[in-house]
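Note that the chains are named A, B, C and D in the order they appear, and that numbering of residues resets to 1 at the start of each chain.
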């Protein structure tokens, strides 16, 4: 029983996987993208990370079983060229600046022990509603910046702080000699945004040469479009009702 | 003089008590239930827990003596079958995520040293006013989930975070090889809710085969009903007065 | 250069001083009382406490010199019977629950090293404006409770948390085998309240048999009475002006 | 991979540089002043400080490269008399009181290892708009107070807490036997204020006998004047529009 960030891992041999991370954040872009990869590729869980800097609650899973909040690593090897992915996702991010640094360092330590040389963290980029959300990117080396540009990624985000693990892990990776990227999908951010996740996944597909059928995200995207339309309608109704209440009874106009 | 969470315990031999915990929280459901068990069974105090993660105040007891905020363990052995309970209650919960993890681990350490194999944490479940509050439950093993269902407990709370010790202790217990449950009584939550506590205690009575006269909680329940009625009346009066003030003097209607 | 709470002390021999503490808090009651004692008795500084849990600022003293926020101990021996006081006061209280526990323990350690056997912490008790503010008290032993009652102190504060060092130090003192009291002067609390401080000092004078001319606080009390009157007047003026603005121009009444 | 404040330094020999620090804060006065010195004197970077108490984000630099938030030291030796400056600036300040103390102590440790004997921290002093912003100052020794007065610095700031590194470093420096000053330029504070920075730099120029062409700050100052004028205009337009909306349609006056 220890009070520190710890990883429980299965003994899996990896050669040089790419670490792709998507944790809760703006528009749930990272988490949706990571979950999609895991589901679509059939990746299997190889490690679990617990931390006393995670929120202090128990989560009830679909079988009614209560468990700690956690981050997880899933591993996949496949394709014609034996590409390898180590996918990081989870319930939460650490709750304090110091906790963020501690967990990020622990993740990098694990990544290095598994011979990871490239990390891509996925997140959301706060923006307005857009038919085709853009993908913003940054890297911790000029070489990767060029590759991102070649894939149509917007790299003009200088000065912007990328808050949380999506920005902190790539920044810390630099001093560990690891290449790392952030890929941020444009999103309004207040609701889960599978369309932004799809945009980022499309870049990752190009970057790593993965075979991924991204149209499998379309049903989720449609559901969100419908949900937003309903919300908008409800808001309008509410607004009209309030305007009438404001005006009050008018016996004489 | 040490700056860490510590337990001062009396040397009591226990065989395999069930740990039942009720700490301050939503509707005070846990604390009311634990206090009732202690009073009704005549359990005696066997350990006290102090922590620098508890709030920074002194509390004045009924004799005017000022003391630290604390958590306490009470022990009871009884009934025809020599059932054993170790009851956890207290003034407060730790004030930070990290403090919650530290205190929860310390409690589990103590529980294991006393051969506890089953833990039931009691709390409140935010809901609307209801004639017969339901009890929501979760467990850290499927076996116990089934038993809870058999006792009429609602187990459909997947995805909901159970914040604080009521959720964190069962979640942490899992990695310590201990069975653990949460039992949450439906409550509006802004006032002490003995009716919700009674609902949970009724489940616990069934679960552990305890002889408990729960009608001893009825006077408290009635007092709360009266108090709520008075509050409601006062609110209505206030509202009417404010409406009149808003309207202002009307010389001509 | 260390990152912990530390005390720098002059090598002063004490026999069995009473520690009286007054730190910033409600109505500045504690700090006013402690400062008065230091000034009136001519106590001299014997120790300074610094802590990384204090606020992160520099304070500029009356000579323009910038210094760390700190707590200080002043020592006085005098009177016909050679009474001894160790008076604690300072700029601030620690900023977090854990910091409060750390600093309180460090203060108790120092007190024990100086053979202190009795501690009286002074604070404010939130109440309404009153011609003669009452003094509320608590102790960490029944014996002292009785003595407080004999001095007209209200001891019926059960259940109330006494937040900050005024409550935490007496509560922690108990496990260190030290007798300790809180003495809380009734105060509205939003402004420095020398009248409440005078009420508490009057109890302390009786308790320890000190010779103190408390009327030396009267000029401060009068200044506050005047200041409050001015504030009230300004508030009334503001209120009237706003009411007129609300009403707006009225061409037809 | 360590979780503590650390400095990576180039092996540069210094004789007795003056440390001048300007970190983000009110009106960005310190940061603007430090950046100006670095640019104008052509100082070169000699050390970088990272801390887990800094904010948990990655920052994207002008080349699109993501990096950790950091503080930096720049060194300059020059002039006819071989004056030496060690200039501290950076992206951020630590996020908690304890973090502030940790980083401040680490900076002082580095300063001592480089034989620094005098520190001047630059910041902003909250005030109203003023044609010629004054400079407020404090020192940790009476000798330096006198010198500041001689340069027209306002030293009457007793009782005011100087929050953050600008106040904490000089206050801590005292116990390390280092002379230290704060120089605070008057600023409204909600926008970058190069005029306040210029006022402080003018004092520093006099204090250290530096040759500095401060008129190079004038274009920045003019840009801010224009920006403020535009903002004001926009605010006025907005206000007028809202007033009209409030009034609503008036068919009959």
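We adopt the following convention: a contact is a pair of C-beta atoms (placed from the backbone, for glycine too) under 8 Å apart; a residue touches a chain by one contact, two chains touch by 3 or more.
Computed from a predicted structure; not experimentally measured.
Q: Which chains contact both subunit B and subunit C?
A: Of all the chains present, none is in contact with both subunit B and subunit C.
Q: Among all other chains, pick the one whose mean CA position is farthest from the mean CA position of subunit C.
A: A
Q: Mind checking subunit C against subunit D and telling me if their interface is mostly the same residue numbers on each side, over half, or mostly different?
A: Answer different: the two copies use largely distinct residue numbers here.
Q: Just how far, in Å, is the C-alpha centre of subunit D from the one of subunit B?
A: That pair's centroid distance is 51 Å.
Q: Just the number, please: Cα centre separation of subunit A and subunit B in whole Å.
A: Each chain reduced to its C-alpha mean, subunit A and subunit B end up 36 Å apart.
Q: Of all possible chain pairs, which ones touch?
A: Contacting pairs: A-B, A-D, B-C, C-D.
Q: Which part of subunit D faces subunit C closely enough to touch in the complex?
A: Going by the criterion above, the answer is residues 94, 97-98, 100-102, 105, 108-109, 137-142, 145, 148, 155-164, 166-172, 174-176, 180, 182.
Q: Residue numbers of subunit C touching subunit D in their complex, please.
A: Residues of subunit C touching subunit D: 1, 3, 52-69, 95-96, 99.
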